[in-house]
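Structure, as structure tokens:
All chains are identified by letter, namely A, B, C and D, in their written order; residue positions are counted from 1 within each chain.
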Amino acid sequence: MTVLAFDLLLAASLLWSAIRALTAPDPFRAVVMFIVFGLLMALAWARLGAPDLALAEAAIGAGLAGALLFDSVGHLRARSGRRPK
Amino acid sequence: MKLLPRLGVTAVFAVLAAVLVHAVLNLPEPAVRLGGAVDKALGQSGVSHPVTAVLLNFRGYDTLLETAVLLLALIGVLTASGQVPGSMRRLPSTPHAFLQSLARLVSPLMVLAAGYLLWAGSHRPGGAFQAAAVLAAGIILLYLAGLLPANAASTSSLRAGLLAGFLIFLALAAAPLRNGALLQYPVEMAGALILLIESGLTLSLALTLAGLFLCLPDEFEEEDD
Amino acid sequence: MTPGLLFALTGIALFACGAAGVILAPHLLRKIISFNVMGSGAFLVLVGLAQRDGGVDAVSQAMVLTGIVVSIAATALALALARRLLNQCGEMRFPAETPDD
Amino acid sequence: MIDIIPLLILTPLLWASLAFLFGPVWGARQAIAGITLQVVLAVMLAENVSGGALRTHAAGGWEAPLGITLSADGLGATMLLLTQVVALPLAFYAEAYFSRHRDGSDTFWPLAGYLLAGMNALFLSADVFNLYVTLELVGLAAVGLVASGGSAHSVAAALRYLFATLLGSGAYLLGVALLYAAYGTVSLAELTSLVSEAAPTATLLAALLMLTGMAIKTALFPFHFWLPPAHGGAPAPVSALLSALVIKASFYLAVRLWLTLFLPLVTPVSAQLFGVLGAAAICWGSVIALRQTRLKMLIAYSTVAQIGYLFLFFPLATDTAPDAVQSALQGVTLHAFSHGFAKAAMFAAAGAVILSTGHDRIGQLGGISAHMPLTVFTLAIAGVSLMGLPPSAGFLAKWLLIDSAIASGQWWWILVMIAGGLLTAAYVFKVLRHAFLRAEQSVTFRPLPRMAEWPAFLLALASLALGGRATEVLNLLGAP
């Protein structure tokens, strides 16, 4: 029972973080929510008995993709700070 | 975008999701069960972890093409950066002292972790891709801390490093063709060959993944509008 | 309800949200995030449904591992192009369609 | 004896990697040597499968469903042959083009190599998940090639293309997930034997998702928005590769899925829908092509229109008499061939014009007939094939399609094809009319190396000459 409740909570958090990542007005917040989403995905893979995917998702899906997106937000900010549009 | 097309797209995907949920709740029992086939063939795969067996033996051909996709993405990133293949982004002017000590402390641990993941892949969760991701994170950290000078590796040896894993994989895929099928490892050598492929892939994929980050178009580099 | 089925249903919702985002979001960074959400949704459906009776399915897991690597490749390429466009046009959005001169 | 099937995939993978390692000068040589070998291999494979034989190769020695099966039949071998035969002259052309035009030359060869590897792998794969990986290989390579143009215009075009192609392969992947859930296998042969008319909703949805995904990737109207800027804005050798070959890879997959695993499910209504979209593409694409002021954009919109003819296959071959199906498959294959040759020739010719004059404004083409007669000749011959005039392969293709329409009693598609032919004639003559005008004083013509013009001419000639040798292609194709 508690396991099912945890799964339901995890599924709801996945949806919530995804929707936040898609709708947050600030790109920085969106990327943060996306990384949260990636970590929750890793948790979901662990719950599905897929530790390989949990590792890959945490390292690649959340880690590397997150780093790429963060770097790009920084790039975007530096750019718009220099030449306001 | 105007309101009406937005509503239209949203409605289409809402309907699609609803129909998908209906379909998923009414799925029949699958006619084929691959789980049994995997278990039966696992003994001849050279590894004891089923996911690794599928990834590098039963469906190793997928993995070969996937490695090409990753290389391709790096070449695409280099194209987009307008850089000569192999060159990397400029270093931050003054690397942070904290970042440097962190990198010194963490990077050996990352190498250890990558080695463990690579070794573990044959019998438990882990493997080349996870190990490469950890190693890539280490490379990026060292680079950003200024501990990995830009001219440490010449362009051509860097490119050779990027390709080595793929070329080893390609050679081992082609070698059995003389008297067998693509990627058909001899059973008694399968374990060793998979470890060889995975070791090559770990190094090359680590460089590739780090390259995807380090070769992104740089700030303030061009003004051609 | 098994975790497989539950996460497959979650995956359907994620796929739909992500695909709609790829089409509708104006900002390129957001389109890229949407694409990743869409991909994760498809991956959850693939593994979730294969494990809907509670077992563990190594084949679908290996396929998704391939899929995760392909999607980081696509993400990096998309970001590189978006940043190039930012450098050239000063914005991370598609420039308005210019009629051919 | 070494099996040919894997060699057709390993060869381009190898030379693409070496081209990345050794740079563009060596890359070009390796590519030309590699593609020459691929042409030989494709011809050998065609001989092997002619007469309706099916050749398979179990990768890793693991039979399906555990392993991935590669297979070649008439249709696959035909597409492989088209790909290699068009790629070889384009490789010579690209070497000449990039010796004059540096933008995108550094990464052209590796990207083109992975692109060809991906397409060959796609034509040979008999595993729906493996097909997803090949689709991504083709898609990302094509996007990289478009981006190599370097201008803001081509980067934006590459991004639009990227999102379209990712949406298409995402839909396809979800379809694969549903098929795997419903049947427990991703082998095309096994799925084909398992899917019946009483299939669950999941299979219908998989069909919808996978075919829609392929329609997006093939730029079928109304999903064509990404194609003109991508094909029109890329360097000319890239435009030629993409327009002549790449769109046919995803179209081939749509046909393959339609004829095998989804065959029990397809209905005349869904087939007519594809036909209507194809007809709309023919009319819309041609009309917009007529209004273009740039040569390469005109040729790109012409591709949008010509894709429409491909999709007429579905209404002509669904629930119709066997000979109508046979004619439709032959007609559409021959159309893929003639369009492949003609479109590669046209884009290469347009590139030659750009190399020589520095622009491709149709209004200022005057004088090219005097300075570049071979290129104008190329445009004219390729135009004849696109219009479908005898004795070109384009004529025979349309003849077969009309034959199929008559045999299946669907006369309305004949009207569409005739209208399309007239519109094609209009935009081809628009180009030729300007080409024969006197040169404006401001335009200067730089002399070109021979290899910048001759490959295009040979491709155009091939599209014409194929009309006489079509029976051999059709024999290879065999019965569906």
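By our rule, contacts are C-beta pairs under 8 Å (C-beta built on N, C-alpha and C of every residue); 3 or more make two chains touch, one makes a residue touch a chain.
Here the structure is a predicted model, which is why all the values come from computation and not from measurement.
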Winner on C-beta contact pairs when B-D is weighed against C-D: B-D
Chain at maximum distance from subunit A, centres defined as averaged CA atoms: D
Centroid spacing, where centroids are CA-atom means, of subunit C and subunit D in whole angstrom: 26
Distance from the mean Cα position of subunit C to that of subunit B, given in whole angstrom: 17
Rounded Å distance between subunit A and subunit D, as computed from the means of their C-alpha atoms: 38
Set of subunit C residues in contact with two or more other chains: 8-9, 13, 15, 17-19, 23, 45, 49, 52, 56, 61, 63, 65-66, 68-70, 72-74, 76-77, 79, 81-84, 87-90
Contacts with 2+ other chains: residues of subunit B: 20, 24, 27, 34, 38, 51, 58-59, 62, 66, 69, 72-73, 76, 80, 82, 129, 209, 212-213, 216, 224-225
Multi-chain contact residues (two or more partners), subunit D: 129, 133, 136, 140, 143-144, 147, 152, 155, 158, 178, 180-181, 184
Pairwise chain contacts under the document criterion: A-B, A-C, B-C, B-D, C-D
Residue ranges of subunit B touching subunit C (in the complex, touch as defined): 1, 6, 9-10, 13-14, 16-17, 20-21, 24, 27, 34-35, 38, 50-51, 53-55, 58-59, 62-63, 66, 69-70, 72-74, 76-77, 80-82, 129, 209, 212-213, 215-217, 221-225
Residues of subunit B defined as touching subunit D within the complex: 19-20, 22-24, 26-28, 30-34, 37-38, 41, 57-62, 64-66, 68-69, 71-73, 75-76, 78-80, 82, 84-85, 156, 159-160, 162-163, 166-167, 170, 173-174, 176-178, 180-185, 224-225
Subunit D residues touching subunit B - in the complex, by the definition given at the top: 2-3, 6-7, 10, 13-14, 16-17, 20-21, 23, 57-62, 65-68, 70, 104, 106-107, 110-111, 114, 117-118, 121, 129-130, 133-134, 136-137, 140-141, 143-144, 147-148, 150, 152, 155, 158, 178, 180-185, 190, 194, 200-202, 204-205
For the subunit C and subunit D complex, residues of the former touching the latter: 8, 15, 18-19, 22-23, 28, 31, 35, 38-39, 41-42, 45-46, 49-50, 52, 60, 63, 66-67, 70, 73-74, 77-78, 81-82, 84-85, 88-89, 94-95, 100-101
Partner subunit C, residues of subunit D touching it in the complex: 129, 132-133, 136, 140, 143-144, 147, 151-152, 155-156, 158-160, 162-163, 166-167, 170-171, 173-174, 176-178, 180-181, 184, 186, 292-294, 297
